[in-house]
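Below you'll find the structures, each written out as structure tokens.
Each of the next two complexes has chain A plus one more chain, namely chain B in the first and chain C in the second.
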Partner chain A sequence: MRFERREQRSTLMVFAPPLLAVGVSLMLSGVLIALAGAPILEAFGALLNGAFGSRLAITETLTRTAPLILTGLAAATAFRAKLWNIGAEGQLYLGAIVVAAVSSQVLGGLPGYVQIPLLLVAGSVAGMVLLLVPLWMRLRFSVDEVVTTLLLNFVAILFVSMLIDTVLKDPLAFGWPQSVPVADEAMLPRIVSRSRLHVGLLIGILLALVIYFIQSRTVFGIQSRAAGFNASAAKFAGVPLKKTLVLVAMISGGAAGLAGAIEVMGVQGYVTTELSPSFGYSGIVVAMLANLNPIGVIFSALFIAAMFVGADGMSRAMGIPTYIADVTVALSLLSMLVAVFFTQYRVRK
Partner chain B sequence: MNEIADILASAGLWSAVLRIATPLIFGTLGALLCERAGVLNLGIEGIMTFGAMVGWLAVYNGADLWTGVLVAALCGGAFGALHAGLTVTLGLSQHVSGLGVTLFSASFSYYIFRLLVPVSGTPPTVEPFQPIAIPGLSDLPFVGPALFTQTTPTYLAIVLVIVLGYLVFKTPMGLAIRMTGENPHAAEAQGVNPIVIRYGCVIFGSALMAIGGSFLTLSAFNSFFPTMVQGRGWICIALVVFAMWRPSRALLGALLFAFFDAFQFRLQTVLSGVVPYQVFLMIPYILSIAALAFMARRARVPQALMQPFRRGER
Partner chain C sequence: MTELALDIAHVSKRFGDTLANDDISLTLNRGEIVALLGENGAGKTTLMNILFGHYVPDEGSVKVMGRALPPGKPRAAIAAGVGMVHQHFSLAPNLTVLENVMTGTQSIWSVSSDTGGARDKLLGIAERFGLAVDPDARLGDLSVGEQQRVEILKALFNDAQVLVLDEPTAVLTNIEAERMFATLRDMAQQGLSLIFISHKLDEVMATADRIVVLRNGQAVAERAVGETNAAELAELMVGRQVARPVRAPSTPGALALEARAVTLRHEGVERLKAIHFQLHEGEVLGIIGVSGNGQASLAQLLGGTAAHAEGTLSLFGNEITDWHVVDAIEAGFARIPEDRNHEGVVGEMAIWENAILERLPAFSRKGLVDRKAAIAFADEIIGAFDVRGAAANRRISMLSGGNMQKMILGRNLIEPKRVLLASQPARGLDEGAVAAVHERILEARAQGTAVLLISEDLDEVMALSDRIQAIVGGRLSPSVSADDVDARMLGLMMAGEWPATGNAEASHAV
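What follows is the complex of A and B.
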């Protein structure tokens, strides 16, 4: 048995892998649910109900989708240029804490229409900086950025933990480790009343469209793709590799930082070390399920958000550990990798 | 300054160094073996977590300690086979496959743990490995309690360094592994099957990672809790570079790293109130990053690392 590269790929093969991956991962997690002794169909019913079954469920799922779109974009843009940014989690936290710091210490009383844009920029810049450090180390010392971005996640979260324990500690939180709140004016407007759904979702969708346009219609978009496809050939063809990678890192780290900003300004209002239920790592799955397509990221983020919110509901109803959502998400990534492979290769005896 | 001298002069510090180094030695050797054959295994973080969970679970359910370690090794090997299937047979991106294996094995271990061990206020514990004093040597002043009263897995880790060093550099099998990592096509021309070698190394290496994880729950502590691996797997990946893909230097790297970790832990109590404790906790990660920056240019990476091998395709 051997594998042979396919010459052509039909349009079906673009849409089939994510659907297959989702189907296979749900089937496999069905086995795990059965192992837990719960009736499978009822459990999936509870999952669906938990994610979309009510007005509250739908707005909660969409609220969860917003940061996942942004961390998904962070991974998708970077991976396309073979910049392995696994540090979205840390970039998210740094973006979040910078927003809390700037809003509470600097921009205090300014009106929302001034403060909100400035804070969004501040959060993004924080994320960018945290990714530019490992990129600089790659370009200067040829250090693989996978490990450095991974390790910086731990550093960033400890840094946030330190700040909310000391200078940014909320004195009114009864000793609870949480940051001072952002100013009231800095809270993002709600899209739907009586829910937590905020304009962060629209920001995410807008950024996905902008990135799609950049990638498909600009020279930089082509260059970043070339840099990922074959760096030495790209260089030979006159692509400014360093400049391209720096720009890619700014978009990627910026998106992750923005995710932290909207979580603070849209949902929580302050920072804790539990701000992100691993949005950064899930962003990698979001990106892969979308096959690194920015528009696809919107839909795969919705799937992952629905899994997490739905699993909470299922867990309450059926007594299945909520970790089933993480397992399903991880399985969907592995299935997606295999499914994409078979769109590129055929099996020959 | 006196406090620092006191810390350095305490046998407890040096004993802790070996204890902290043990999971890192297993993990680094495992990752090193995979990379020598040309496969980056970022599944390490999750595989260590799974090893920690499943080893503990086996002992909690009545198995003896060594059976727990064996169960961890077998499960680690199974995840290794999964990673090899994705990266060797299918030739997929080693980065993404490894992260997928980590996400899967970590979340799967939390799921199983939550399913089989009910939530309780005090985490359930097992009776862990007890330190064994080596007769004669452990009676030496200072050195004895520091180095020769460890648990058996720690001694095993040291032995493993020597065995793997011999295997990789002095045996035909080691030559085949190194060739596969440098140039699998040339290796094949010499009658070596790169696919078999890569599978073997990834499975065996992953088993070692899981054993390293099981040390955490069966020797260093006596219970399991989610996120207990705390980036140790990623640190092992950094240590492989620091070690320049040599087992003996992997031991050195793990010991150095463990020394700083044990030292910062004791320094915390001295400097508490002056410096926030988070600063100390950051040190291990920052040190790993610094070590990478320092070593990356000098290290000679296996040339076929991260390159899939497909017969008849270059």
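What follows is the complex of A and C.
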């Protein structure tokens, strides 16, 4: 048996892999559910119910989708240009803490329509800076950014942890390590009343559309894709490789920082070290599942969010560990990688 | 008495439609140096891969020291005493010389390693063959010549009796090469048998006892070194008298591009050494040479992806200093890269995107790409250059090599250009596509484009060029008129033997 590169790919093959991957991962997790001793169909019913079964369930799933879209975009744009940004988690935390600091220390008292845009920008810039440092190290000293961005996650989170226990510690939090809150005016408006769903979701969807437009219609977009697919050909065609990477890093880090900003301003109101249940790392899965397509990121973020929220419901109803959600998400990534492989290669005997 | 160290008998190997080795027989006596001479693609590498068991031959057999080698078993070849010195070293720069030499000689499961014994053995071999080396030096700190010595020592350490050297001088300076030849002759005298792969005639003449010439997968000739000369070998290697197609007489115009003593360094190595050339409008200047002699650097320099260190480069009388791709495109350069898949196209992107990638400013306004215009441009190329099976929206990787090359030619030549840089424009194409590409190049010449054709294909250069210069080791020969040369003379020029008093424009070279 050997593999042969496919000459051409039909349109179907763009959509088939993620759907197949999701299907296969659900089937495999069905086996695990059965092993845990629960009826499979009922368990999946409970999962679906937990994610979409009520108004609360839907808004909770969508609330969770918002940051995943942004971290998914962070990974998708960077990976498309072969910039391996594994640091979205740290960029998210840095964005979040900058928002809390700027809101409480600098912008206090300003009206919301001034504060909100400024804070969103501040959070994005923080994320950008944290990615530009490793990119600079790669361009200047050829340091592998997989390692640096990954390790900077720990640096960023420990830095945040230090701040919320010292200078940015909330004096009214009974000694808990949490940051001073952002001003009430700076909280993002809700989309649905009596829920936690905020406009961060719309920001994420809008950014996905904008990035899609940039990638397909602008000079920079075409250049960054060319640089990612074939750097030598891009160089031969006169694409400024370094400049392109810097811009890509700004979009990628900015999106991750923005994810931190909307989590603070939309959901929690302050920063703790539990702000993100690995949104940054899950963003990598989101991006891969979407085959790095920014529009696809919206849907794969929804899938991942539904899995996590639904698994909580399933766990309560059926008494199965919530780890099933992690396993399913991980399996979907593996299935996706296999499925993408088969869209590019065919099996020959 | 001569003993047969190696006996390759009637070996054939087919890849798809091409017969890479066609009934090749080759013998090697004990203590003999045989040179394997041939152009790229003649089948040298395939034959050696069969010897080493990397490929299984379709027919034929290999015997070492009288014993048959099982086909397709690299370890058996090594155990039988066959050693290989690769052109690109297979050594680890972070290990010491001794560690490199020992790598692969021990079982992965052995707990201890006999470093002391290995050191003694290595020093013994080094002493015997005059290959002085410090066993504890880190390989990465050694010069290229010393690294090659380590590569040879490694083969000898494995008790090689038959040593194959694949273009061993490709990376060496002249002095290092001289020293290596002396070592090789010494090794042969001590009873080792060597196969020496090369396409450099002077080296072969100076080193080998016997020369086997491969061409198109066949062993076409065998000569003892005393009964042949470089000129005969050149003709044997190239093959036939080249039939020259009709090429309209040229009407050279103004001086378009001129290089005076241009030197280019890359990573400390001089890739171009004080080269001179002049290129006029409406003429084709062919740069002939075996690849790896500086052609890529020349193409990069003129195409805008590398900067030169010394000398003057001028375009229509104006000196160019800070020369980037954008400048080249703006100045009306058309560029055909050497490797279309590597540099010419981005396979995952659409044909229209590839068509405009190097001309994005012309197809965009305020950073937004004018998709309609770009698709129209791609469609125009597809029509005008007869690109079969193409649609502007499909990925370019679905095109065949010939059609991809037509697309690359098209995006460059659909509008008249002032200078055309074509590197190996017809490499790997079938006959029909070659003809189409050549036709376009001659068409551009007729329209007054100054064409610089870089190629290692003799037929191609002779068919298209008005004047020819050879490139050898980063140096350019004086130019000769294409009407005054034949394949034999070009073969000699490619080997670095050019007439001291050349033809018409010998004054270019100092």
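Annotations for the structure displayed:
Criterion: the second predicted complex is superposed on the first by the 349 of 349 C-alpha atoms of A that agree within 3 Å, B and C clash if a C-alpha of one lies under 4 Å from a C-alpha of the other, contacts with A are read in each partner's own complex, and residues count from 1 in each chain.
The criterion applied here is as follows: a residue touches a chain if its C-beta (ideal position, glycine included) is under 8 Å from a C-beta of that chain, and two chains touch if they have at least 3 such contacts.
What you are looking at is a predicted structure, and each value in this text was computed from that prediction instead of being measured.
In the superposed pair of complexes, A:Arg316 makes contact with neither chain B nor chain C. When the two structures are aligned on the shared chain, A:Thr166 is found in touch with chain B, with no touch to chain C. Judged by the touch definition given at the top, the superposed model places A:Ala36 against chain B, while chain C stays out of reach. In the superposition on chain A, A:Val143 contacts chain B only, with no contact to chain C. Of the two partner chains placed by superposition, A:Arg55 touches none, neither chain B nor chain C. Of the two partner chains, chain C is the only one that A:Phe229 touches; chain B does not reach it. Look at A:Leu337: by the touch rule set out above, it reaches chain B but stays clear of chain C. Within the superposed three-chain arrangement, the count of touched residues of chain A is higher for B, of the candidates chain B and chain C. Within the superposed three-chain model, A:Gly238 lies in touch with chain C and out of touch with chain B [touch as defined at top]. Comparing the two interfaces of chain A, the one with chain B and the one with chain C have no residue in common. By the touch criterion given at the top, residues 42, 82, 86, 90-93, 95-97, 99-101, 103-104, 106-108, 110-111, 114-115, 230-231, 234-235, 237-238, 241, 276, 278-279, 281-282, 285-286, 288-289, 292-293, 296-297, 310-311 of chain B touch chain A in their complex.
Residues 2-3, 32, 35-36, 79, 84, 86, 137, 141-144, 146-148, 150-155, 158-159, 161-162, 165-166, 281, 284-285, 288, 320-321, 323-324, 326-327, 329-331, 333-334, 337-338, 341 of chain A are the ones touching chain B in the complex.
Taken in their complex, chain A has these residues touching chain C: 7-9, 217-223, 225-226, 229-230, 232-239. By the touch criterion stated above, chain C contacts chain A in their complex at residues 303-305, 324-326, 328-329, 335, 337, 342-349, 353, 357-358, 360-361, 364, 367-369, 371, 394-395, 397-398.
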